[in-house]
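Each structure below appears as structure tokens.
Below are two complexes that have subunit A in common, paired first with subunit B and then with subunit C.
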Partner chain A sequence: MGRYVPYLLFGLVGLVLLGIGLFSGRFVLYLTMRVMLLSIFALGYNLLLGRTGLLSFGHAAFFACGSYGMSLCFLHVTPNPLVGVFAGVCLAVLAALIIGFFCVRHTEIYFAMLTLAFGMMVFSLVWNLRSITGGDDGLVGIGRAPCLGFPIARDSQFYFMVLVFFALTVWVIHRIRSSAFGLVLAGIRENPQRASFAGVSVRLYRLAAFVISGAFAGLAGSLAAMLESNTNPFSAHWTHSAEPVLVSLIGGLQTFSGPIVGSVIFVVLREIIERFATNWMLWFGILLLVIIMGFRGGAMGRIEAFFARKATPRGEEGRP
Partner chain B sequence: MSTPLLQVDHLSKAFGKVVTANNLSFEIHAGQITSIIGPNGAGKSTLINMLSGSVSVDEGRVFLKGKEITHLPTHRRVRLGLCRSFQVVNVFPALTVYENIQIPVLSQAGKAHHFFRSLSREVKAEERVMEELERVNLVKQAHTLAGKLSHGDQRLLEVAIALAVRPFLLFLDEPTAGMNPVERAEILENIRRLSAGGRTTFVIVEHDMDIVFSLSDRVMVLYRGEIICDGSPDHVKSDEKVRECYLGEEVV
Partner chain C sequence: MLESLVHVCLTGLAQGMFVWLVACGLTLIFGVLRVLNFAHGAFYMLGAYFCFSFLSWFGDNFWLGLIIGPLCVCAIGFLMERFFLRYVYHLDLPYQLLLTFAFVLIFDDLVKMAWGAGSLGSPKVPGLSGSVPILGRNFPTYSLFIMGAGPLVALALWAALEKTWAGRIIRAASSDREMASAIGVRVPALYTGVFVFGTWLGALGGGLAVPYVGLLTPGMGESIIIEAFVVVVIGGLGSLKGAFLGSLVLGLLSSFGTRFIPAFDMFLTFILMAVVLLWRPEGFFGEAS
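Then we have the complex of A and B:
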């Protein structure tokens, strides 16, 4: 009985998201789409951070690859949104393969710094290649042509495209986490040396996790370009790389739904704080402090631990 | 005679001026339990590290079943059938005992890269994991976190992980350190049985001379990076040089 609760909850969330799409005003629609995009970004990212144990500060680069890949495809090749998304993801995967190839040779702080360095390189490329990327203006006028015959020009229509990709992401990430590959990634996080003596090529699996997370960053980026109908060069900036880190931390690194819950908290709280205070970063910093010092394991981590304790008295369950 | 399981050819390694392996050449034949003994700093650990791929060699070559493995990365050697356990506890602490065994089993079966197939559908792997757990008597603790096991059980699990890749050649680095007598007897029994089973050949680094002389078919004595004696336990026991350098009064 208890093991069906998560599926029920996800069904419920799905219904709520459908309801929002059908009955909400533009503002809530927009906000929900932002939450879903950040969730896609963070769900992929947490496969690398929470599961494989690698902290990257360069994933904004792949988000931007998605944005610019999608936009360039729209402007120069075809307005077809699916082709655009595919182009964006492909560009992100390519970038993740190249950057990851160099980064996974190192771990911990060296890995983090290398990803940061590569991220900054991508940002400066985006900033300086004016003829291609539009420099500080970004690329503008990204339209939304019909997708498989469905019009997506209005936000209330585009919402369902985002929802489909969000659901797809949740499903794929769930499959990966409950697969042999997902377990091996957890093993690499726990003890890379032991993993290699179990016959696993640690470097190759780290690269795979890196590329998968990069692909989802690219997916989020390409959808974001369509949502905002332009690309923002600062989406490649390293400060943007911190977002999935924070979101995963808030929601819970070792949980599946953590990045989603974290995204809701992040976007909604930011919206609320910005209404009342000018400096939302200050208040957000304070909140983060409370979560990190008081709620180790993040919001979902705490909730799961609470129910696990109720179910089994000792609460001794693995966290692959 | 057929090709030896492991052939080491003029292997040398120095860390700065400290020579830890000086022109070592030896062979290991299938089915023979070999012990490597020697005083601290004799180069036993370095030798195992070199053979298993953690430390690069300066000179010389290593062959596993006639195939050169001198410069292969660790995981490739493991896939070819060479594995090791460690002196210190080296498990996946935040995973359950079951998952600890699952990883090497999946990897050995070539299924570790299945990224879209639920683990619950890897039925064959499941059976093998239970087999391995039964062998070391850890079935009851299958769903305990490895980090929460007793020290002895963690050592047992460690050996079980190494065995789960079904190696042809397994180096055990002080396999009984920190175990109580019951666990010790159990692990030794396991080694004997598996060795008799014929698939896995064991090479053991051990300080406990009782274990070494009762278990081994062959004993190699390392001293300052050189093999000073190599032969049957009785031969080694009676060797003058070995007594001088290492065994001292203990055995006499």
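Then we have the complex of A and C:
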């Protein structure tokens, strides 16, 4: 019985999301889409951070690659949204391959600093190549042409395209995590030396995780460009790279659904705080402090630990 | 042409020394505590704002502001280390970095609440606000002052670490924490002291930056912290000598980049950082681990 509870919950979430798409107003639609885009970004990112144990500060670059790839494709090649998303993801994968090739030579703080350097290189290109990227204005006027015959121009129609990609992401990430590949990644996180003694090419696996997470960052970026109908050069800035880290941490690094729960908390909390006060960063910083000082498992980590304790009464809990 | 090159060099040296004044505290903290402090940029910002305020309260006395401002930031640094950072030294890297990042968010908003979200104009420093002619062109006097202050701080730091009793203990704790603890060094107290001192250096850099950068904005720490990271990385994480040299290289590179290939000056900085990390991750003077 217990095994089916997560699937049941995900089915329920799917139904709620469908309901939101069919019956709610523009504001809730927009907010839900933002949550889903951030979830896609963070789900992919957590494959690298939570699963493989590598902290990247450059994933905003791949998000921006997705955004700009999609927008350039729309402006210069074809308005077809699927082709645009494909172009965005391809550009992100290409960038992740090149950057990842260099970055996976190091781990820990060196890896974080290398990804920061490469990420900021992409930012400086986006910022300075005005003729291609529009510089600090970004690219504007990204429209939404019909997708496979379905109109997606209105938010209530575009919502379902985002929902489909979100569901696809959840499914793919779930498959990756439960595959042999995903288990090897967790093994590398726990003990890279032992994994390499077992004949695993640690560097290659890290690169694969890097590229996959980059691809999902690109997917989130290309959908975001369509949602906002423009691109923002600061989506490549390192401060944007911190977002998926925060989201994963709030939800729980070692859990599958952590990034999704974290995204909901992040976006909704920000809306609520901004409604009543201007200084949302202050409150968010305090929340972050509380989580790091006292609740390092994150929201989902806490909930899972609670149920695990009920199932195994005598001190059998796993790592927090 | 020659005059122009000399001026580009001078600008680069001034810029390099300016970054060094901020990065030296970050390097010291990383060298001893092994924590890369994102909030160092926020301390720089707080230092700048405190100095600015004290300066206007004390009837435009820049030097008095420069003494009192960083001391106030020290108190904040003490609270941060004693009640938060101390408890994450044993945790994984993401938690340490994000804890300091949380303080960046908090301080940025607190500064906005206290001083307003707009930018503040910088005051003039009596005696240093003009410019002097060098090879037929004017060069700001204050930049010359920064160029003098940088090596002075470096010399003072070197003397403090190499020639004093406290410096020997800091070096001991930095090279082997457990051994230092075993021979009776109170390592937690030492860590607090080093963090507070590093904070003071960052805030001092901020105070000195007030006339140099001209404008005070609530996000001013976010750009300098990345440059300071670059310097700390290319110097070899934790090496003060390397950070000093790294600052000079960074300053010259960015001023020559701005002069000759303005579209790519930011790009050059990060290329340098990536190349050093890949080719010599221990930095100019760091020891291979």
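We adopt the following convention: the second predicted complex is superposed on the first by the 313 of 320 C-alpha atoms of A that agree within 3 Å, B and C clash if a C-alpha of one lies under 4 Å from a C-alpha of the other, contacts with A are read in each partner's own complex, and residues count from 1 in each chain.
In the analysis below, a contact is a pair of C-beta atoms (placed from the backbone, for glycine too) under 8 Å apart; a residue touches a chain by one contact, two chains touch by 3 or more.
Source: prediction; values computed, not measured.
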Chain touching more of subunit A, residue-wise (subunit B, subunit C): C
First, second, both or neither for A:Gly187, with subunit B first and subunit C second: first
First, second, both or neither for A:Leu227, with subunit B first and subunit C second: neither
Touching partner for A:Phe102 - first (subunit B), second (subunit C), both, neither: second
First (subunit B), second (subunit C), both or neither touched by A:Asn279: second
Which of subunit B and subunit C A:Val202 touches, first, second, both or neither: first
Touched partner set for A:Ile176, first subunit B, second subunit C, both or neither: first
Partner chain(s) touched by A:Met293 [first = subunit B, second = subunit C, both, neither]: second
Touched partner set for A:Leu37, first subunit B, second subunit C, both or neither: neither
For the subunit A and subunit B complex, residues of the former touching the latter: 172, 175-176, 178-184, 186-187, 190-191, 193-202, 205, 208, 316-320
Subunit A residues touching subunit C - in the complex, by the definition given at the top: 49, 55, 102, 105-106, 108-110, 112-114, 116-118, 120-121, 123-125, 127-129, 238-239, 242, 245-246, 249, 253, 279-282, 284-286, 288-289, 292-293, 296
Touching residues (chain side subunit B, partner subunit A) in the complex: 52, 54, 73-76, 78-79, 83-84, 90-96, 99, 102-104, 106-108, 111-120, 122, 125, 143-145, 148, 161-162, 164-165
For the subunit C and subunit A complex, residues of the former touching the latter: 36, 84, 87-88, 91, 93-95, 97-99, 101-106, 108-110, 112-113, 222, 226, 229-230, 233, 237, 263-264, 266-267, 270-271, 273-274, 277-278, 281
